[in-house]
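After this come two complexes, each holding subunit A, first together with subunit B and then together with subunit C.
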Partner chain A sequence: MKDQHFVVIGNGPAGNEAALTLREHAEDARVTLISKETGGCYRPHLIPSFISGKFAEENLYVFSPSSYKELGIKYRSGQEVVEINLKTHEIFLDHREVINYDGLILSLGGKPRIPENLQVFSDLMLTLKTVHDAKVWTEALEKADTVLMIGGDLTSLSFTSQLIKMNKKVVFALNEEAFWPMRFSRELHDEVAEKLSKKGVTVLDYSRIKSMNNIPDGGVEVHTDHETVCADIVGAFFGLVPDVGFLATSGLKIDRGILVDEYLNTGFEGVYATGDCAQVYHPEINDYWVSIGYENAVALGKTAAFNLIGEKVKAEPECIFNIQGFCVNSSWWMEF
Partner chain B sequence: MSTVDLTIEICGMSGDGTIAAGVLLNEALSAAGFSLMALDSYPAEIRGFGRCVTRTRIGNSEITALSDKTNVLISLDDEQSQSRVPVLTDDAVILFDNKPVTYISEEKALLPMLEPEMNIFGVPFGDLASQASGSRRGRNLAALGGFAALFGIPADPFYAAIKKKFGAKGDKVLESNLKCFDAGMEFCSKAHELKKKRITQLGTNGHSSEKQLLSGNVSISMGALDAKLAFYFGYPITPATPVMEYLAKYLPERGGRLMQMEDEISSIGAVLGAYFAGKRAMTATSGPGFALMTELIAHATVAEIPAVIVNAQRGGPATGLPTKTEQSDLQAAVFGGPGDSARIVIAPSNVRECYEYTLKSFQVAEKYQTPVVILTDFFLHNRVENIDTPKPDINDMKDGNVMPDDSSKNNYKRFENTESGISPRAVPGMEGYIFAATGLEHTEKGMPDYTAKNHTMMSEKRHRKIHNALDDLPKPEEYRPEGAYDIGLITWGSTSGAALEAVRLARQNGIKAGMLRVGSIFPYHADEIQEFMDKCKEILIPELNFEGQLANLIGHLHRKEVKRFNMVTGIPMTAAEILGAVDKVISG
Partner chain C sequence: MSDKIVYSTEPEDFYYMNVNIPCQSACPADTNIPSYIRALYEKEYDRSYDINRHVNVFPGVLGRICSRPCEDKCRHGESELGDPVNICHIKRAASDFKGASPIPLKKGESTAKKVAVIGAGPAGLAAAGELALLGFSVTVYEALDNPGGMLRYGIPEFRLPRNILDGEVKDILSMGVELRTGVKIGTDIQVGELLSKYHAVLTTTGCYRAIELKVPGEDKEGVHSGLEFMMRVCSGEKPALGARVLVIGAGFTAFDCARTALRLGAKDVRICLRRTEQDLRVTKDEILETKKEGVKIESLLLSQEIVGNGKVEGVKFLRTRTGEAGPDGKQKIIEIPDSEFILKADSVIVATGQAPGPFEAPGEKDKNGVLTVDKETFLTSEKNLYAAGDYVTGPTTVIESIAMGRKAAHKIAFDLTGTDFVEKTVRMQETSITDRQRSWDFIPRQEMPALSPVVKRINPDNPEVETGFTKDQAHDESKRCYLCYLHYEIDMDKCIYCRYCIDNAPRDCIKLVDEVELNELGAITGFKETTSWKHVNAIIIDNSRCIRCGECVRVCPMDCISVTRVELIERQKHMIGLQK
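What follows is the complex of A and B.
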C-alpha cells in the first residue's frame, strides 16, 4: 500500500467509516476524505433537535474535523467533486483542482428530492439534509410563525415535533410521494394525518399544488386545488435521492444509485460505491438492493474499505424488504 | 468594539496585481480608521516570475510591528500562496479564486494544505471581474470586494482608494475597477451570507483626523523637502530608489534640482560640491552604494563639509540580498572609510522618525560640518504606516550654518580649533574669506601640515566636534520607566517596534522588562545608556545582523556581557521571536 492514494468521496456514516477503516488497515497509504459539506461526519437524525436548540452543533458530529488530522486522514471539507475520470484516475473538484487516486470509494449519500412537478418552485422552498440547511432553517425560523411542510418523509415528522416545541404553527401538506421510492398508502396517509392532527398540526386536504409565489411583505403563498395557504416558510420533505448526478458521463452504471456487485465494486478496478448511493447486487435474489439507515451505512463503508485493500468481503444486508418492487435494506423501517 | 489585531496577506504571482491590491487595501483600511502597518515583498526578478506578498496589520490601538501570524489570506495564485500556509492562524480566513482559468494539480493547489477548521471562502475572482468589466484583470479588485463584504467593512473607503488610484486613468478604467470591486462584494454578501457570521465584523474604527499613509521612503523624502533641500544626487539601488523617484516628482516643484548620476561616487561627490557651495544636498543609497561612497565620506569629515546620506540597509555583504532587510551596515556607517573619520550616524525607528530625523539631519550636518548618515533599512523604507501628517518643527528647519563674523575677515581660519570644535564656515561668494576644502591634513587656515602636533590637534578637534553634537541628536528613549528590570532591551532602527511589542507582552506575562531605544548611533549617549543598563540585571540587544553590531559598539558600557539576539533571515524580526529570546535569557 506504500505510496498509494486512497480517496473517499462523501463523509456520511459510510464514507467516514470507510476512511477510518482504510487508515487502520492500510497504514502506509495516503487517505483523503472529501466532503462537500463543512464540519465533520454528523448524525443526521439529530438535525431537527439541533434546529430547536436541544443540541449544540458540536454534539451533532461523530468526528470533528481535527480528529481526522490526528488520525492521519487528509480531510477536505467544503470541497465538491464535479467529475471523475475513471480511466486516468483523476478527480476534478469544483474549485478546479485535480486529484489523482489509486483507489476510490464513492460514498455520496443522498440529496433532498423535489418531485418533478414542484421543481419549478424550488427557490421558494427550504429543504433539510445538511447542517448548513439546518442553519438556514434556524435563521429563517427566527422571523417565522407559520411553517408549511410539503411531503411527509421521516425527517419532516421528526422536525414537526421540534417546530411545535418551538411554538411554531405547522401546516402539513402530506404527499403520497414522500417516502420515495415507496409511495404512501392511503392507510398510512390517514394514520400519519391523524397523529399530526393530534399534535396540533393542520393537515391540508388536497390533491396537488397548483402554484406558489412570494408574498411582497414576506412569506410564501401556496395554492392547492382546494385552497390557498400562506406561510412564512415552506419546506419540501420528499426523502433523498442518491447524489450521483455528476457521474452521468463517468461510465459507471447508474440506476437509482450506482450499481455495484456484492463486493461493492463498480466494475472499475479499485473503484467502489457504498452507503445510500449504492445499489448492491444480491446473487440470491438476482436483484439490486439499496440501504437506508445509519448502522447499515457504517457496515457498508467498512466493507468497501476492506475490499479496496484486497480483502474479499461481501456486503450482507441484515434484512431486505421488497416494497412495491424495490428491495430495501432498512433497520429504521422496521423500527417505524 | 473589541480589540482588533488582524494581519491580512495578499499573495499572488508577479502580474496578478497583488501589490496594487495591497496599496488599495492599505488606503481603505487607513481611511476606515484603523492603525496600520504594511510591507510588500516582491521578487527582484522581472514581471512574470516570482511571488508577491503584501502584508498588512491593522488594529484599533497602536501598531508598532508586523505580526508573525496571518489571520487573513487573500490568494490570487494557489501555488504561490502555499508558502503562506505555515504562518496562518488556526482560525484563519482564506479567500481564494475557486474558478481559475485552468485546473491545478493537487501538488500546486492551496486547499489541500489548509485545515478544515479554517474559514475558507472560494470566490471566483476572475469570473466576477470578467462579468463585471469584460476582463479578468480586475480579479484583484473582486478579491478586495469579497474581503470587505466578509469583514463588514463599508465600501466607501475602498471606493475612495480606487478613485485615488484609477481616477486619473479615465472614467472607463475607474468604472471597470469599481464594478469589479462591487462584484466581489456582492458575491460574498450573498454566497457566503451564513458562513461569514463566523467572522468578526470590523466595520470602521472611527476616523482619526489627519492620518496619512506613508512609507519610510516617502517620509524621508517629505522630511528632505520640508528641510528645503536644494539638490538631490543619486544612483538607483534597492531599496533606496523610491526616495529619488519621489523627489524627482516633487523637488522641482519646490525649486530644487535632482540629477541621476553615473554612480554612487559621483553622487556623493556632487552632494559635497553642493554643500561646499552652501546648498543643502543629499543622496540615498544602500550597502553596495554606501561602500563606494566611503572614501568621499571620509574626505568630507576631514574637509568638514556637510552631507546628508541615507543608507537604506539591505541584506549584505556586497550585492547580498537586494530585496531583503538587514541591519548589518552599522559598523560601515560608523567606521567605514580610511582614517579616524568620525561622522554622525542616526537611525530612525519608524516612519514618523524617518521624517523627523531627515528634517533635522540637514541642520545638524550644517552646524557640525560633517556627513550625517541616516541609517534605515529595507523594512523601514518599504513599510507603510498611517501616521499623523508630519508637520515640520520650525526649530529643526532653521539654518544650521555657523558663519564667520566680520571680525575674522582678514584673518579667517576655516578650520579654527575652537572649544566646541566647530569652525565657522564661509561659503564661496562671501567676500573677504578663503574657501578651503582639502582631504590633506591641514592647519587651521587649510594649508597642508603633516606634523604630529597638528594632526593630533586637528583629530582631537574633529572628534570633539562630533561628540559635542550629542545635545542636538535624538536622545535614547526609555519605554514607560518602571525602576529596576530583570531584563532590559536596547534597540535601534526598525527592530524597535517589534521589541516594544515584545516588552509589552513580557510585562503582561509578569516579566520585569524595560526597553531603551537608541536613535543616535554615533555619537551615542553613553551616560543615558549606562544609566539604563545599571537598572537591568540583564541586557539584551536584538539586531538583524550576525554578530550584534550595536552590541559591539555599546556593549562595553555594561558591567558585564550583554546578551545578543541576532537574525539574518532577511525578514523583519517579530515580537514573538524577541519574546522568545527574552524568555531564554530570563530562564538562564
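What follows is the complex of A and C.
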C-alpha cells in the first residue's frame, strides 16, 4: 500500500466509514476524502429529530472536519467532483484541479427524488435531505399548522412522528412511487395507511395529483383526482436518487445507481461504489437493491474499503428493506 | 476584410470541418446547423427553415422527432461548458415561425428522365423531392392510403401532428412529383413493369416486418407487435388493452406504444428493458415526458415466457446483469440464474425491432426475400433498380433515412445523366466577429415546453405534447450556439506576442506552440506546446477548444486575428457554373 493514494468521494455515512477503514487498515497509503458539502459527516436519519428540537445541530455530526486531520485523512470539503477519467485515474474538480488516484470509492449518496410527473410542482414542495433542508423546514414550521406529506419514504414516516409530537396536523398522500426503487404493493399501502391513521394522520384516498398552486394568503392547494387539499407546507418524500449525473460519460454502468457486483466493484479495477449510490443484485429478493438506512450505509462503506485493499468481502446489508416479503426491519421503520 | 469567397474540396478542409463543426459532422444529412441557428437568431425564420430544407425536406417533422445526434456532439455540452444547444427545437421554431408560404421548392430544369419511387416514407419522399429539384419526373407509389410511411403510421399524433407532415409532403408534391397511394407493388403493378416505364426505379419500402420475441406464449391473445399496434392506432383504431400493459423493447417505438397505451385507458404501463435506462437510444426529453405521463421503466430484465391460459396474464422474466463489452462496444447481457419472476399484465406489446419484408422484384435476394443492395451505389443486381432507406439498412432514424434517400437520388441522377449535380464543398469567407457576447454562454438551455399538467394530454383530442418555443425562447436558445463555423486564426506576421489574447481567453484555447502536428492529409491534428518563450514558433488558436467568444479579437492591439466563416455546403451544378 506504500505510496498508494486512495480517494473516497462523498462524506455520508458510507464514505466516512470507508475513509476510516482505509486509514485503519492501509496505514502506508494516502487517504483523501472529498465532500461537496461542508461541515463533516452527519447522521441523516436523525434530521427529523433535529427539526423537532430533540437533537442539537452539533449532535448530528459524526465527525468534525478537524478529526480527519488528526487521523491523517486529507479532507477536502466544499469541493465538487465534475468528472472522473477511469482510464487515466484522474478526478477533475470544479475548480479545475486534477487529482490522481490508485484506488477509488464512490459514495456519492443521493439527492431527494421527485417523480417526473410532479417535477413541474417542485417549487411548491419542500424536500428533506441535508442539514440546510432541515433549517428550511424548521423556519417554515414556525408559521404552519398543517403539513401535507406526499410520498411515503422512510424519512417521511420518521418525520411524521416528529411532526405529530410538534402538534402539527399531518395529511398524508401515500404514493405508490414512494418506495422507489423497491416495488410497491396494495397490501403494503394498506399496512402503512393503517399505521398512519392510528397515529392521527389523515390519509388521502387518491390515485393521481392533478395540480398544485399557491394560495394568495399563504399555503398550497393540492388537487387530486378525488379532492382538493390545502396545507401550509407540502413535503415531497419519494426517497433519494443517486447523485451520479456527472458520471454519465465515465463508462460506469448506471441504472438506478452505479451497478456493482457483490463485492461492490464497478467492473473497473480498484473502483468501488458504496452506500446509496450503489446498486447490487440480491438473490434473496430476486431483485437489485440500493442501500437504505444508516446501518446499511456504514456496513457497505466498510465493505468497499476492505475490498479495495485486497480483502474479499461480500456486501451483506445489515437489514434488508424487503417490501415484497414484508420483512420491514429497517432501523428507521422500526422507529416509526 | 475581403468579400472574396473561396470554395475548397481539399481533403484537409473536409477534415477540418469534421473536427471543428461537430454538430454538422454528426448529422447524417450534413445539416448546416450553425448557419440555420444564426439565421433564426437574426429572426430570419424563412431562411432558417430553408437552410434546413437544402438537405432535409422535413424540417417541421424533424424539429419534433429527430433523434438529435448533433446535440450529443454539441461543444456546449462538453463537461465544463454546460448543456448542448437545443438544436432540434430551434429547427422546430424555424418551422413554427416561418411565413405561411416559405420559399417554394422549384423543380429543376427537365432532364427528360423518369424515375419511380416505391414507398412514400422519409427515404422515398426525400429521394423524390431531390430528384424533382434536379429536374427528373418522379412518380411515387405507396401501398398504404396516405404518404409518410412510418412518420404517419408509426409515430403517434401527440408527437407529430399530421398537419405538419401533410404540409411538408405537399411542398414536395408541389414540384410536380406524382403520388399514387393504395398501389401495392407485386399485386397491383409489377416492378418489371415499372422498370420498363421508367429510366430508374428506387425501392424505399422500409421495415414492415415485426421481429418476434421468440419466447413461448407469444401467440396468446393480448400480445401485440409494436409495429402492428401503432399502425392500427395511427389508422384510427382503438385496440382494447386492459389496465396493465407491459411493453417489451427499448426504442422509440416502445416509448410510443407505452404512451399510446395510456391514452387508450391503460392504468399501469411499464417498459421492460434488457439493459439499463442509460443504454436507451431514445432522447432524454422523450424519456422524461414518458415518465411524466406515468409510464414506468423496468430495467435489466430478460423475457422468458408469456404466461396465461389462452389470454396473456403476465410475462416471466429473468434478471440480467451487464458483462464485458463485445466487439460492437456494447456490454453483454448476462442472465442471473434462478432470478425468475412474473410481472402481471392484461396486454403485452412486443416492440423489439422491425426488419424489411419479402419484396416481389427481379434481382438477387437474401434468405428472407429481401433484395441484395450495394450500400455505396444503392444498386441491386437488376439494372436500374435501386434501393435505399431502412429497407437496405434495417431500422434507423428518420434523419438517416432522409440522408440516404437524397444520396440515392444523387447516384441515380448521375447514373442516368453522367452529370454530378451536386458537389460537397467547403465555403470560406472572411467575416467580422459577430455580436455574440460572452455572457450568452451562461444562458441556460431552454427546454421544450410541454402540456402540463399531464391530465391535459390524455383526452380525445390527442393534443401535441410539446407545445413549441415562444419566439423569445427560440431567440435565447439561438444565442447559446458558439457558431463553430467561425474560424479564428492569428496572423503571425502581425502578432507582437503581447499575450493579451491568451490572458483574456476564457479557456485554454490559445496555445504557445513549438511544433504543429499534421496528418497525411495536411490537416492540423495537434500542437506541441511549450512554456518556454525561446521555443515559441507560433501562437495558435485551437479551434477544437475555441468557443468563438471573440474576446481575443476584441483585445488584440494589432488587429491580427482574422475570422473566417467556414461552411460545409452543397453546390448545385448551375452554382458551380456561375463561379466559373
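Everything below uses one rule, namely that the second predicted complex is superposed on the first by the 290 of 336 C-alpha atoms of A that agree within 3 Å, B and C clash if a C-alpha of one lies under 4 Å from a C-alpha of the other, contacts with A are read in each partner's own complex, and residues count from 1 in each chain.
By definition in this document, a residue touches a chain if its C-beta (ideal position, glycine included) is under 8 Å from a C-beta of that chain, and two chains touch if they have at least 3 such contacts.
Not measured: the values here are computed from a predicted model.
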{"item": "First (subunit B), second (subunit C), both or neither touched by A:H132", "value": "first"}
{"item": "Subunit B versus subunit C as contact partner of A:E116, first or second or both or neither", "value": "second"}
{"item": "First, second, both or neither for A:C230, with subunit B first and subunit C second", "value": "neither"}
{"item": "Which superposed partner A:I215 touches (first subunit B, second subunit C, both, neither)", "value": "neither"}
{"item": "Touched partner set for A:R76, first subunit B, second subunit C, both or neither", "value": "first"}
{"item": "Shared contact residues on subunit A - subunit B and subunit C", "value": "92"}
{"item": "Interface residues, subunit A side, partner subunit B - complex", "value": "38, 65-66, 68-69, 74-79, 92-100, 132, 135-136, 139"}
{"item": "Complex interface listing, subunit A residues touching subunit C", "value": "82-83, 92, 115-117, 119-120, 208, 210-211, 246, 248-249, 253-256, 259, 267, 281, 283, 286-288"}
{"item": "Complex contact set, residues of subunit B against subunit A", "value": "78, 96, 98-100, 102-106, 109, 111-112, 115-117, 120, 122, 194-195"}
{"item": "Contacting residues of subunit C [partner subunit A, same complex]", "value": "79-80, 276-278, 288, 291-294, 299-300, 319, 321-322, 331, 336, 338-341, 452-455"}
